[in-house]
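Look at the two complexes coming up: chain A is in both, with chain B in one and chain C in the other.
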Partner chain A sequence: MKGIIAAALLLIATPAIAASQVEEGRYQAVLGDCAGCHGKDLSGGIALETPFGRLVTPNITPDRQTGIGDYSPVDFRAAMKTGIARGKPLYPAMPYTAYARMPDRDVDALFAYLKTVRPVRHAVKVNQLRFPYSWRFLMRLWNLVFFHPGTPDPANHTAAWIRGEYLVNGPGHCGTCHTPKNMFGADIRPELGGALLQGWFAPDLSGDPRTGLRSWQAADVAGYLKTGRNGHSIASGPMAEAIEQSTSRMRDGDLAAIAAYLKSLPAPAGSGPRILPDVERMKRGASLYRVNCSACHGLDAKGEGPLVPPLTGNAVVRQDNADTLVRLVLAGSQGAGTRWAPTRPAMPSLAWRLNDQQVADVLSYVRGNWGNQAAPVAADTVGGIRAALRGGK
Partner chain B sequence: MSQDAKRTWSRRLLLASAAGLPILAAGADGRNISAELPWSPFAGDPPKPVDPLGWYFFTAGEAATVEAIVDRLIPADELSPGGKDCGCAVYIDRQLAGSYGKADRLYWKGPFLPGLPTQGYQGNMPPAARYRLALRALGEHVNTAYGKDFVRLTAGQQDAVLKGLDEGTITLRLAPGFSTKAFFEMLLQNTMEGFFADPLYGGNRNMAGWKMLGFPGTRYDYRDHIDRHNQPYPLGPVSIYSPMES
Partner chain C sequence: MARLLPKKDAVIIGLGWTGAILAQELTAAGLDVVAIERGPWRDTATDFNIGYMQDELRYAIRKDLFLQPVVEAMTMRNRPDQTALPMRDYGSFLPGNGVGGAGVHWNGKTWRFWESDFEIHTHLTRRYGARKLKGLQLQDWGVSWAEIEPCFDAFEYLCGISGKAGNIGGTLQPGGNPFESPRAREYPNPPIKTGYPQMLFEQVTAGLGYHPFPQPSANLSRPYVNPLGIAMGECTYCGFCERFGCANYSKASAQTTILPVLMQRPNFEARTECEVLKVNLTADGKRAKSVTYIDAKGVEYEQPGELVLICAYSLMNVRMMLLSGIGTQYDPATGKGTVGRNYCYQTSCGARLFLEGKHLNPFIGSGSMGRTIDDFNGDAFDHSHLDFVGGAGMSCDPSNGRPIGYRPTPPGTPRWGAGWKKGTVEGYQNAMNIGAQGSSYPVRENYLDLDPTYTDRHGRPLLRITFEFPDNDVAMSNYMSDQLEKIAKAFGPKSYSVSRIRKDWNSVPYQSTHNTGGAIMGENPRTSAVNKYLQSWDVPNVFVIGASAFAHNAGMNPTGTVGALAVWAARAITGKYLKHPGALVHA
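== the complex of A and B ==
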């Protein structure tokens, strides 16, 4: 009799367990920002411009022919955590190097969720890399050399830090953009020290007082990830997408954990004041700033509350690499829009109004003023970025 | 059938069904509509600067005459360079070659009836055609009166001719509804536009008109100066295509 009751209870409970697993999997998809690369419907086809050529993201909907409909949970685990998808090595643009940190339970939940999304028939030619990178089997060698997943010693850390470290370096795979890469595309130090990717410079997230997050409070970090902006900055470009599809949907506790971890990152040694542009250049830059920038950013560069970011103490301004800044001035940009802050303030394009020298001068002024102390920008750099952007990227 | 239908929709029935409408409407669902603000990189629709060389509408003779006229309307003096050097004739030429010359935005089908002076020109010739007609008539008048072209007259003679046009002592053979005075006023108006419009339109070279006035141009942020009452703005002008002080 007891057995019958237990069996009946199990029958009732199974769908409930399955449903909660799918819900948990949906959250894992938020943490991992699957939609960021695989598209909102997860059917792939989004081109990632890597230094090795173009990779196009595959279809991960449960379509049997073109998606992952005939994967088993074991296949999926292997792909997510070892980078081997049904015997074929994946390219590490798929952050299996980070997802390897995820417990099997979470990966299985994610798989259960992916099984429930609408299957889309969409065949994608993934590998459009240049030779010899197009030789997939080389990735086995790459894995041997560069892929060493590990977990830091949790001793002496708070629960929030442990969770935050896991989210940042595990499913959140922040380092995919923010950690500099070597010539093989593998992470190098400093971790989360800022890196250039697809024409945007993902800023330094360390505790560096000039380029890093030293001046942000933990609440600023969490607020930025949740809403897309805080008093210091407004996300745009790839970070806006990451915020819209991933971090703005994370639980507040997880955002606080991420903030706690990021705020614990030390400042790398050897970060000192940089050279300033010459006086004549600063004069030209001041004139350009007054005429073109000050109406919104203010003559004191303090910005306008949540709508216009300040240029004083702004990490985007202070990065060693100015590509993002140049891009913002030339093409303009639209900030992140989240359900918490849906306005999407935009920076207008000034490409028609400022020539390369003028962009370089005004940015050198901004980077060399108000205590920013970032290196000047060369007109050639601006010209190169203008050509690349106009080339249709 | 139609007779029946009319009877069926009696006044009473219509009122009764109208009364029922709110009940139906109450059953409808509200909807949230949300969308993203449109945005694209390099967005912007800046005006295209005119090519400063050559003439697009005027013949060589017309251009020489108009250059001479604008140089008398705005003579070079201690306040500013002359109208010619400021590009006023180039400005007028480009305007006449463009949509202003054709008066694109106006209604150009008949009937063409005389109007009140406050209604402006009511005839069937757009500005380009009026300029062409009036410049030819002016040339004929000056050649008859002085035996040479307008550009060969002394500055004093040119002033006398322009004064005559303005004050009605000279009557050119123009068209119905297009008086000599109206031509002079159009010319003066367009010359002033050429002197004060943004340099990208061909006139106001080196922002001479703005410098004369102390107008700071296309700046849009005066917050650092807003409390300094009765003090001249200290910074020179900037134009749409020269976004810094020269």
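== the complex of A and C ==
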């Protein structure tokens, strides 16, 4: 009798447990921003341009032929945490190096959730890398050399810091974009120090007073991740996508934890004021700024509330690498849109109106003015990015 | 044969101001909505690029954003005994085209019609007796001030209107318009900055005992986040509002106040460059079942819907009804039929003054940074001893000083050469304009119908406009010219001229895009095409929304009232119709 009751309870209880596991898995998919690379319907097919050639993201819907429908939880865990998908090594564009930090429980929940999404029949040719990078087995060697997952010592840290460190370096895999890479595509120091990727420079997230997050309060960081904007900046480009798909859907406590961790990052040594552009160039830049930029960004560069970001104290302006800035002027960009800030204000393209020298001059002026102290921009840099944008990159 | 598409809860014809308002309210209520728009998609950064939006030649002269006659033309005549001819170019008015509609290129003047407008017949009869209205087809709108005031409020807060209240709950407010009907609360934003000519106008008119106040402006005085969470920017006074899209997110439009939220809703879809040909009715003609439209490739589709909302601009609304057999064509000979009835326009005159040694700096401009007096508007003044009813808002309204279009020269200046150049230099900084935008009251012979001769590219008859300025309105406008002359003299100008209205309405020179009526709202299905909720009396799952519902036109720009009526209709649909689909008013 007892056995029957227990069995009956189990029958009732199992769907409830499964449902809560699926819900938790859905949240893990938010934390890991699966949709960011695999698409809103998770059927993949999105091209990632890497220095080694093109990788196309695979289908992770439960379709049996083209997705992961015939994976077991063990297969999935191995792919997520060791980078070996059913015996085949993955490329670290799939951030298993970060996901390795995730507890099995969370990975299993994610798998349970992925089993519930609509299966999409979509065959993808993933590996379009150049030789020799197209040799997958080389990744086993790469793993031996570069893949050493570990957890920092939690001693002397708050619970928020510990959670934040885990989210940033674990499922959130912020370093995939923000940490510079060596010639093999492996992380190097400074961690989260800013990196160029797919034509955008993912900014420095360290405590550097010029290029990093020193001037942001923890609440500014959390607000930016939640809404897509704050008083310093408006997200656009790949970060807008990350915010729309991932961070804007995170729990407030997790955002506060991420902010607590990022605000604890030290400033790397050796950062200091840079050379300012010459006076003539500043004059030309000032005139261009007045004509082309000031109507929205203001003569004082203070921007306009929730619509137009300031150019003073704006980390995007101050990065050592100006690629993002050049790109914004040439191609324009649309800001992130979230439930809390749905406007998606956009910067128009000015490529048709300004030549390379003019873009370089006005950006040098912006980067050298209002205490920004970032290096001038060369016309050749602008020319290169213009050509790349023409090529559709 | 049109391809049949899956049914939607609501099909909206036209994604301009009213279409966007209705789509927003209905999708928020959970309905599955499609908006079908004839023109292109338009977005601020891509279509109103800050770098080229101030191209006067492209936008103001060549009318890049407007409806082109090749897409839809209209025919016009002054009297029913004439043969109407097609307008080969839009001149006296400029309908919008594409997403956002005319709300993209407007000036942003956001008036509320008055309580006495919504009950104009009752009000004027009570004050002056029925004989005063002889020859005019004035009638009450069927909606009360208490009903419509919250809808004005909702539209103003959606847009972030910048202004100064004149009457809050019956208490007059210093600095506002003392003649406006009572409002529940202050505008969401303070008035925008003013220019020198407006300051002079304020001093002179106040000195004459009138009551100047800042125009309510949809070009914002400060950054604003509207109730949908959408952010707008502060106006930069660039002077490129009318005929231009705003590059600064400063002018309220569907783009800047609704679309960012609407376009994210999974239960909304916009199909652009798709032209609705007609609304299809059931065999008994009592219900709309679908609309037929044609896409840019020429493929025809049939889109079924539970509800059809005609939101295509006043004149196009009327034509769509006539092409679809919704309601009965109005006949000026018998007064029978309702669709096409009470077409009205705007009756305007103005004064131009030339001052001396001023620097009026007209390049500092915004579409509604003017100062206005309503002392001669509507029924703000006693008409007992006058031979007309109605009135005009008088405004000093320097919206722009654009290089091609704004070249005021003193009377007697040569039309070209050195003399003209000298006159231009003098006139640019010294010319001041005061406009009197007058009411337009309905008469039996002014109406809309389908042209018997001319057709569009799809073979459908064009809309025919039969319009002449009525004697009442001419008398009104002449009275306004007299008042303008008194005001002009009070400036002590070097010279001035006052224009007077002329009969024989001419469709060539630009006058106003404020076309109203033709599918008017009212209490009686014999004299109105739609009921007080803008619901067709004849086909109750069709609502017709826009200035087509105005039973007359007041001496004010219509958009504020259009927006309020759109909110009013939306609330009637979500609050009443969805609970009990069918006629909301039983006549």
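Some notes on this structure:
The working rule: the second predicted complex is superposed on the first by the 393 of 393 C-alpha atoms of A that agree within 3 Å, B and C clash if a C-alpha of one lies under 4 Å from a C-alpha of the other, contacts with A are read in each partner's own complex, and residues count from 1 in each chain.
Keep in mind that, in the parts below, contacts are C-beta pairs under 8 Å (C-beta built on N, C-alpha and C of every residue); 3 or more make two chains touch, one makes a residue touch a chain.
Keep in mind the model is a prediction, meaning the values are calculated, not measured.
Upon superposition of the two complexes on chain A, a steric clash is found between chain B and chain C. In the superposed model, A:L299 lies in contact with chain B only, and not with chain C.
Shared-chain residue A:R344: touches chain B and chain C both.
In the overlay built on the shared chain, the residue A:L288 is in contact with chain B alone; chain C does not reach it. Of the two partner chains placed by the overlay, chain B and chain C both lie in contact with A:R353. Once the two complexes are overlaid on the shared chain, A:L389 sits against chain B while remaining clear of chain C. Of the two partner chains placed by superposition, only chain C is touched by A:L307; chain B is not.
Of the two partner chains placed by superposition, chain B and chain C are both touched by A:Q334. When the two structures are aligned on the shared chain, A:S215 is found in touch with neither chain B nor chain C. Residues 292, 295, 332, 334, 337, 342, 344, 346, 348-349, 352-353 of chain A contact both chain B in one complex and chain C in the other.
By the touch criterion stated above, chain B contacts chain A in their complex at residues 34, 36-37, 39, 41-44, 46, 218-221, 223-224, 235, 238, 240-241, 243-245. Against chain B, in their complex, chain A makes its touches with residues 284, 287-288, 290-292, 294-295, 298-299, 330-334, 337, 342, 344, 346, 348-349, 351-354, 358, 389-390.
Contact residues of chain A toward chain C in the complex are 292, 295-296, 304-308, 332, 334, 337, 339-350, 352-353. Within the complex formed with chain A, the chain C residues making contact are 43-46, 49-52, 223, 225, 228-234, 236, 238, 247-249, 260-261, 264.
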